[in-house]
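Read the structure below first, then the notes.
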């Protein structure tokens, strides 16, 4: 962690944010891809939030004003969903609802890349991606070949900070060590497990959990760090009981539901 | 249970209906939401039915004449699926195929609310929802903020009976105690577990299981009670082995596949 | 196994192909149905491949040139996805990318049946289906009532060989004993477990795994046999630890991730 918030303060704030997610059950509106939508809803339920996937344009703008947080994930951007995303983002702006942008696999694929750049300029609260996606969103790098991170998180750190300052969004780069920055403050979270990359939606559902934390914590930098810490600590707990990716996914949902502030205090590798 | 069918007779009929689902493997045609479609198919397979999700308008009407039962769930009502629903419902009417309507999250969201009211008037065999959705479908109450039940089941009991009488459908209200009524007869099922609300599709898949039972049992009230009893008894069995929502969902599918008539006789809390 | 490749040679080639999937992580582009898309992605990740589901027409053709293998599955052929399939198949032809066609539930359902016949004539690398689907694709038989196999694999053997010779595709017929033929060579794989039919996507995900193997093994007959053997041996391993379809699906993903060449050598029932 650098500047203005100490690591212990950030950890205490993360524990507090987790408690508030659990006690208030924020409604999270997800416009996300077909592949991970089930896992995403289950991850939200497990952590204590209430998921709702309203992705038709006639309803998504209305719902953006009702929800506590919104996820916009570009993994399978069908035409009707793209229209629903535009309506949701407009509704979010009007209602002041925080929203998370996950620019899945942008770079070489034209529809999602153009849409991601446009959404970046509308002003997401948080942007989450792997290093190659963050580079592509910032206009640097070649973009991904899908959901893999071909670039290292550290290589993306400077670009992430610049993107945060230019866009006003907190930027989270997922990788072996997660990085979260608002341009001024930067935190690294060295928790997690490689099995999380062997379950589809391991990254995408984190974007939804960030939206849940942003619904209850007014500082988006704190919310994003708290979400990433909760999520990756749960992954560590789950990995201890897993025999492979199938049992890991199950144990991960159990761990997301049972992880406590005490677990964060004991296990978080925040810096 | 009130009037015309005794509780012991209803339990015996439920056991019999479960046996027939297992021995005949009814084909259930699901037009349902993206979030729960996988879990719904797996729940149908587990209980002994055969799922098929045919949700394009050029095919859904044809398939409605082939299937033994149909589920219409409005969770993510994309434009193409809405057309497919209209075709399926018309096909069901022509072929006499029983169908279940699940009016997910109606109330404030205009497209699904208008569609649900129209479908209600076409004559579903069964309507399943939480209390707030049933109130909204009946034209009472404010509707849901998503898939949560903000109203209590008991508060919805009178409205459910009136809705049943007015629409001709059996009405099932899901909650801590499930209520099933055809307007004249009312049953309560006090089985289940709160973990079922922590798995996405916990309610939606029940609608599909009701369609499977309606395919083999000509009295829709009996079919609906039998489905809800089988489903919630399986949930109880599963909860005994679960460490959280992830392991619960797995154990629930195992329990749906193994629950016996004997388990229903021992555990059903029907009244 | 008949003609030109001995069974021991085919087994050795299968072990080698599995090693190459694991070491190279081929990118598999899936245009598949909503019901099984999550399970399919997880099966690909488990076996060592990298899934990506790019199913909008503006992007799928581009991605077909980047991917190592492609799956086209017709389970829920929405209009936008149908256009994306056409673009992907054209992109595959241009780039020489191998692709697998899974003609889910063709026969009575007009849109997918017409599309499947057209795609058959474009020249898929592999066709995978149950016996009734293969019969329907060849223009014989009545087609399926969904995803069930109403015809026996052996009844489809001659038709499968003729289809392979006429289309140039390797044809794989899934059933209690899987059959793979390129018209000249025919292999039977007697592994697997009935629980695989109780998990939705049990067949569909195999088509994706075949695309992963076709990405690394230039002989599509060998690739298809290797994929089916790996997949069904993993199912056998998983079934030993399963209490029902829920725990089987979890154990299956674990087994797909851990199955070794040694397991294939010990367990494969190839002939």
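Of note:
So that you can tell them apart, the chains are marked A, B and C in the order they are listed, and the count of residues begins at 1 in each.
Keep in mind that, in the parts below, a residue touches a chain if its C-beta (ideal position, glycine included) is under 8 Å from a C-beta of that chain, and two chains touch if they have at least 3 such contacts.
Everything quoted here is computed from the prediction, not taken from an experiment.
Taken pairwise by the contact criterion, the protein chains are fully connected, each one touching every other.
Counting the residue numbers that touch the partner chain, subunit B and subunit C have less than half of them in common. Measuring from the averaged C-alpha position of subunit B to that of subunit C gives a distance of 33 Å. Each of the following residues of subunit A touches two or more other chains: 34, 37-38, 249-250. Residue ranges of subunit A in contact with subunit B, taken from their complex: 27, 34, 37-38, 41-42, 45-46, 50-56, 58-59, 62-63, 66, 80, 249-255, 257-258. If you check the complex, the residues on subunit C that touch subunit B are 33-39, 75-79, 105, 108-112, 145-148, 198-201, 243-247, 249-250.
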